[in-house]
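Below: one structure in structure tokens.
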Amino acid sequence: MKQQQLEILSNEPLAAGIWRMVLLGDTSDSAPGRFAELRLPGEFYLRRPISVCDAREDRLTLVYKTVGRGTRRMTELVPGQEIEALTGLGNGFDLSRARDGAVLAGGGVGCAPLFLLARRLREAGCPVTAVLGFNRADEIFYEEEFRALGVRVEIATLDGSRGTKGFVTDAMPGIAGSLYVCGPQPMMKAVWRRARAAGQYSLEERMGCGFGVCMGCSIQTAGGSRRVCADGPVFAGEELLWND
Amino acid sequence: MKQQQLEILSNEPLAAGIWRMVLLGDTSDSAPGRFAELRLPGEFYLRRPISVCDAREDRLTLVYKTVGRGTRRMTELVPGQEIEALTGLGNGFDLSRARDGAVLAGGGVGCAPLFLLARRLREAGCPVTAVLGFNRADEIFYEEEFRALGVRVEIATLDGSRGTKGFVTDAMPGIAGSLYVCGPQPMMKAVWRRARAAGQYSLEERMGCGFGVCMGCSIQTAGGSRRVCADGPVFAGEELLWND
Amino acid sequence: MERLKTTLCGIPLDNPVIPASGTFGYGEEFAALYDINCLGTFSFKGTTAQPRFGNPTPRIAECTAGLLNAVGLQNPGVEAVIGEILPRMKTYFHKPVMANVSGFSVEDYAGACEKLGREPQIGWLEINISCPNVHGGGMSFGTDPKAAAEVVAAVRRVTEKPLIVKLTPNVTDITEIARSCEAAGADGISLINTLLGMRIDPLRRRPVLQRTMGGFSGPAVFPVALRMVWQVYEAVKIPVVGIGGIASAEDVIEMMLAGACAVEIGSENLVRPTVCKDIIDGLPAVMDRLGIAKLEDIIGGAHGWEKM
Amino acid sequence: MERLKTTLCGIPLDNPVIPASGTFGYGEEFAALYDINCLGTFSFKGTTAQPRFGNPTPRIAECTAGLLNAVGLQNPGVEAVIGEILPRMKTYFHKPVMANVSGFSVEDYAGACEKLGREPQIGWLEINISCPNVHGGGMSFGTDPKAAAEVVAAVRRVTEKPLIVKLTPNVTDITEIARSCEAAGADGISLINTLLGMRIDPLRRRPVLQRTMGGFSGPAVFPVALRMVWQVYEAVKIPVVGIGGIASAEDVIEMMLAGACAVEIGSENLVRPTVCKDIIDGLPAVMDRLGIAKLEDIIGGAHGWEKM
């Protein structure tokens, strides 16, 4: 964990309800699957946890969905503004598990953290397939960016407006290699049911602090209680209690 | 009362602990002795009441003393920033009372509202004497500005570092004409004891709203209860209960 | 606008937005800023049997996201309200208005309510048994279920007008007081009045308020208010008016989902004088975003969610 | 620094700043950010006789100037704290530490306190009779003077260590509870624990917290906390620890002027992890500005101002 001032370089819409913010700062602790906690100006007391979409040299890219007052306020921030952040939070994905190839399954804004993961895996020479699910075509983002890394991309949309009509699971090829998943709870559950194989799942939970002290985001797992922010957000599929 | 956005043109120290902010906006309701309520950015819930020091065309000049967190925060505001304000608050001084001449007695930051008063009186051809009291020489402000209006200026400092050593009352000439007073409570009381004549006194009181609805700044007067913000801040000396 | 309409103790309101007593005077200052007939209604300055000057100043202290007040029920008394203020009010406000009443004895309350209840423009009587800023009055009725019931019963006997009891949050169990008021004949409950609070001036080393403690209000108290509205909605069958820290259209909707059929907006009037109008104007867009067709549909709508 | 020193129940503190239980874990995460030996002490995560997972999520909701939590006393239980955590704590914290203890019965409290009281590093036992987030436990002891006294008396019998009782603010009269704890043998009172609060998600039309209500803390509650510290300071002779919304060195001084001999800092640790160190570093400059030579001189210093 590092506490630092980040400078906003850009902040713009990427797709329907999805924004991208690029920040200038120290990205040395921003590994795939980790997140940053941003302190927003104004009346917001808690920081906002946003997962890392990309980190290159001193550029940190965060992709976020506008869901509430906080993320709506985020869209109003402009280049040049400074924002206080805790960076390098969470355990991140374990890349050493991917040997013969990796399948990355993302749902909505959950596709964002898979991007840095894909880039790192490709840099290590690992074949990568990304199955990206969205509600509608206008919510799709980063499809070309994934392809530019040499990733095989499968798109699924719920309304069939692009790619396979249906859920991510409907567009998933036979699992070949390691599985990495990030998306809404029902989507991850569907992937787990389909795959039932070793895989890494990145969870989302309302957080207090983001660095492991308030116990606000604790979950029960097969191995006992775990803090999503500090012991996760990435967990092995078999650790999780899927309530099914 | 008008609710408006004002743009900060300048904000700089004027003397020890005294700052001047010049704002761009509609000054049509900014008469001598009136005040504005500024909404500060950040954690401040209540607005800050600041009396009008000068108003010319679209330039509103406010002089304020840094006493607490709010006024310290005000010193951090920079030109170009917008600030939301309620303007034209309070009754202001009655200028029609001054015929043969006026004596203006100010203490510390209380000298500020006397400036616009002096200017308006001078523009009407009224001879004006300003007796300005401060703790020390380094707190003196606007001495030359008053003189430039053709005002006779007497300075008093508590420590004798400039002008008459002592209180405003020690530097007061025999009262000739109408008396206008603004300053700390003990200073105004001393002036009242000395003068015992018709005079207008501008009071200060902790305010909630600043426009007459919360009853936070009510005082007892000879004529019943009065709201300092809406019925005042200027009262006739004989209306006030001096507790002596 | 049809979708904003609600009902308070049988009287229709164009919308649920009601400026709270003590933050709106008698409406005149606000009428100079906007047409206050856009409001559901408003609750005017707390009235007592006799005129009161209130407490010595300072009466106000600032806090994070709120303020303390120790005004102490300053008002011209029920006779002046009826003789001087209500006739003038008719000229700028054309809807039933809510009269807020305080007292120091059961007789005080009953006397003032009997007189005000006869006035045609008064739609509701809001009995304040929760003022923290006066000795031996107000709040002591509001912290004791028996005393609260006595006041309500006495007022009930002297007026047919809808009777809303305004409760203090400074109690261990708010539902006990609310049920007691309902049983004694109240037609509605409004809550919360202010939390008892305090600030100290560290330079002068004394309380900021001359009376030491005062009532704490503003956005800071919203979560406490919402919780109590939720609890009281489950405890009584009479309508509940939500008060406490409301500053936006979203806050209004949260309060209604907790069980409020209308809301009162207090402190925010002092710092954003047009807030009530702004909220009324802003409600339709927020309702659209949240998929709410009519406000009346969502009253208490968050209760029973576990069963869904 | 000599001028920051204070004393808590006979044990000297380098300064009055104490991270509050539940916001500091066992200090390890913070020790990675700064040397936590700069603190007066800290109060570690509430410990119960048995391990507890706590409540289902969401356990956290944001509010203006604060947050709600419904963690529900998640902790590994007293045996694990003694067997695993305290031995590790010795390596990074070298001062007496405060053990915060919760329970569901008088026996729970006494059992856990007896065991923790024997540990040499434990300087104080802080009995939490105020947790709003568990059924049938915590807060019910804190809202009844008799039940509070029973817990305190039972713990008193099993330990010689200084006993501090942490009170809930969700009561009509805080002084009644405080006096009852003092009479039963408490060595100090800490307050306030959280105010009971609630938020609703207007889109999903359900409470944000899975447990519906939770404990409200943060800068928003400071005026209520300060008022109760003031009241308890006048009601008891034992030391008072001020808790509730403290976020700056000025807030610490206000609490001490109200009567606190030390303060606990809670929520702010979650959003500004270095706040406790920042406050300790910032105190001397603020004291200079306010003309305060030594912090110990100002404890309760705002009382009796009317007579000056």
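So that you can tell them apart, the chains are marked A, B, C and D in the order they are listed, and the count of residues begins at 1 in each.
The rule is short, and it goes like this: contacts are C-beta pairs under 8 Å (C-beta built on N, C-alpha and C of every residue); 3 or more make two chains touch, one makes a residue touch a chain.
Quick caveat, the model's predicted, so the values are computed rather than measured.
Chains making contact with chain B as well as with chain D: C. Path length between chain B and chain C in the touching-chain graph (shortest route): 1.
Across the assembly, the mean Cα position most removed from that of chain A is the one of B.
Between chain A and chain B, the centres computed from C-alpha atoms are 57 Å apart. Chain centres here are Cα means. That of chain A falls 36 Å from that of chain D.
Remark: chain A and chain C have CA centroids separated by 46 Å (rounded to whole angstrom).
Per-chain Cα centroids separate chain C from chain D by 34 Å. Shared contact sites, meaning residues of chain C that touch two or more other chains, fall at 61, 63-66, 219, 250. With touch defined as above, residues shared between interfaces to two or more other chains in chain B number as follows: 43. Of all residues in chain A, only 1, 3, 39, 43-47, 70, 86, 205-209, 211-220, 225, 230 touch chain D in the complex they form. The touching residues of chain C, when paired with chain B in their complex, are 22-25, 29-30, 32-33, 45, 53-54, 57-67, 69, 71, 74, 208, 218-219, 267, 269-271, 273-274. Residues 61, 63-66, 68, 143, 170-172, 195-200, 202-203, 205-207, 212-213, 216, 219-224, 226-227, 230, 245, 250, 253-254, 257-258, 290-291, 298, 301-302, 305 of chain D are the ones that touch chain C when the two sit in their complex.
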